[in-house]
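The following pair of complexes shares a single chain, chain A, combined with chain B in the former and chain C in the latter.
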Partner chain A sequence: MSSNVQFLDPRKSQNNEIDSILRNLMNIQGVSAAAIVDSDGFVTHIHRDFEINTDAIGASVQVVFGAAAKAAQHVGHHLTNMVICENNDGYILSTPIDAGFILALVTQREALLGRVRFELKETIPVLKKLFTSYLAN
Partner chain B sequence: MHWFESQLAQLDTLADDYLAARRQPAADIVNVSEATRLKRAAFIDAVQSVVDKVVKIEGVSACAAYHDGLILAQSAEASNMDADAFGAIIQETIRAAQHGETSLGLGEIEQIVIVGAVNKLAMLSVGPIILCISSPKGVNLASVLSQAK
Partner chain C sequence: MIQNSKSDYQIAQQQILDGIISGEFDIENRNDLGPLIPIRLFQALRMVALGSNVEDILGQGAPSLVYHSGQSLGLAMGQIAAANIDKDLETYVGKIKLLCRQLSIGLVVPDKVDLSAGVLELRVDECVSCAGIHHVSAPICHFEAGMVGGIVKTFFNRNVKATETKCNALGDKTCLIRVDLL
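For the complex of A and B:
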């Protein structure tokens, strides 16, 4: 006898939600790429509106975040919650999620830094829970 | 309730809705995540809408919203103002006022107004953000904001 119960794949729905979060971040004025980078510097999820070398950005984000985190430890600031690179033509913001994963945003100069930072700060707790659940499944 | 009060009340409601969504138990994290994201977007869109409307009011020279001293929403007309300097002053002012919150028993800070010889600046706390409105000193901000439609 067949059952009417449908087994949903939780990883699929979590993965879809992670994609929705990145898409939402891309909707912010001036944001041109949103990526999740694993602890080895590989990009696991990305949304972007320009051609980007994903391997290079993934590795660079991990290197920059690692260097900033080390600097923070040297001055007794303990954990690093966000690294903001202010560049000539925009910003790169990176925030740790869980298990070495980092959320990185690339923005144009006209992006409103407070808007992007607010969205990142509010998004991270949810992403942490999604990743904890995702990695556990 | 006049126009500006109703706008602030609406923002407060949206901010409360968002904060309530954020506090939901995370048993169903996917749905909680989506609900929180949508409530946050509704709040931020409403903030941007108020900023765009306020800056069009005669007598108002600039309007912007800040979070932690960094600009979160500004009108297209105000894009030439020094947003970073504005943000720094706001953050410093809020910090100073928060000392009074406890030592003078003021309660949570809702509004701060700085009047200079040339211009004045009103800062209003709305949920997690600070809404800033600037005008020439001679303008009665309360009056122009209340009469706007």
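For the complex of A and C:
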């Protein structure tokens, strides 16, 4: 089981850059929430335009991503880059960042999945770079 | 068949929590064996059923499930301890310590309380989950971290992040859980 000692303090001003990235993701059409979830399922950063039980969604995102990644391993697909959950009223997309952290986006049904997916893939390298420097300090 | 909106696990959970709240630890249908079990059986449930088996299915999602489970217990324990104490932190901690001792979870000792910095550190000596376990590579008491987080969250009514920073199974002789009030 992985360590839970990686801690990104959401109160610190150094995380302004992460907040700015999440704000940009919220500007994509149909995106209603953008969150960073740590390896314990704790939501360290979130921007959203509706009420969310952050404890529950954080744990669920980690559990769903973990289960999907395990399923991928069972069929020889190796690393999981993204998990897309298609629901009646929208999508939940989860992408790994670093050290067990996950970026999760919630969208409404009318969101353009291709556009959201593209932006997510563009964002991950930037977040990875930020996390590498934060977690090293 | 009676329609019930609660799942069977939720029904069992309610009965278990009711038993804890009542402070009555005797249990029916255990006339010969009594209410206590060997710690290794608990550890098998915790580290196998809610540990390696869950990890086999959920991979990196396992610790968050375990943490979330512990937090649910912590929230329930917090509600028990918070009753009729008029928000007095010392009384609350005293009741939590007693409850953890009665349930043999561990000996809870506040190590550092810095409310201005929003940081609390609680030691769990003789931790039920990792006692007698050695040579792990990282803290393994995610359940206890979640539990402590739930307990603190209930008292302060604020979001918290609990992190196990020392673990007996790492050779630290105790488990230390840091709670950040957010």
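Please note the rule applied: the second predicted complex is superposed on the first by the 123 of 137 C-alpha atoms of A that agree within 3 Å, B and C clash if a C-alpha of one lies under 4 Å from a C-alpha of the other, contacts with A are read in each partner's own complex, and residues count from 1 in each chain.
Going forward, a contact is a pair of C-beta atoms (placed from the backbone, for glycine too) under 8 Å apart; a residue touches a chain by one contact, two chains touch by 3 or more.
The structure presented is a predicted model; accordingly, all values stated were derived computationally and were not measured.
Student: Go through the superposed model and pick first if A:Leu112 touches only chain B, second if only chain C, both, or neither.
Tutor: first
Student: Does the superposition put A:Gly76 against chain B (first), chain C (second), both, or neither?
Tutor: After superposition on chain A, A:Gly76 lies in contact with neither partner.
Student: Can you list the residues of chain A that touch chain B in one structure and chain C in the other?
Tutor: In the superposed arrangement, which is not itself an observed complex, chain A uses no residue for both chain B and chain C.
Student: Chain A touches which residues of chain B in the complex?
Tutor: Its residues touching chain A are 22, 26, 29-30, 32-34, 36-37, 40-41, 44, 65-74, 87, 128-129.
Student: Given the complex with chain C, which residues does chain A contribute to the contact?
Tutor: So the residues of chain A in touch with chain C come to 1-5, 7, 9-11, 37, 39-42, 44, 54-56, 58-59, 62-67, 69-70, 73, 100.
Student: Quick check on the complex: what are the chain C residues that touch chain A?
Tutor: Interface residues on chain C, with respect to chain A: 51-52, 55-68, 71, 118, 137-140, 142, 145-146, 159, 161, 163-165, 180, 182.
Student: Considering the complex alone, what residue numbers of chain A touch chain B?
Tutor: Those residues of chain A that touch chain B are 13-14, 16-17, 20-21, 24, 112-115, 117-119, 122-123, 125-126, 129-130, 133.
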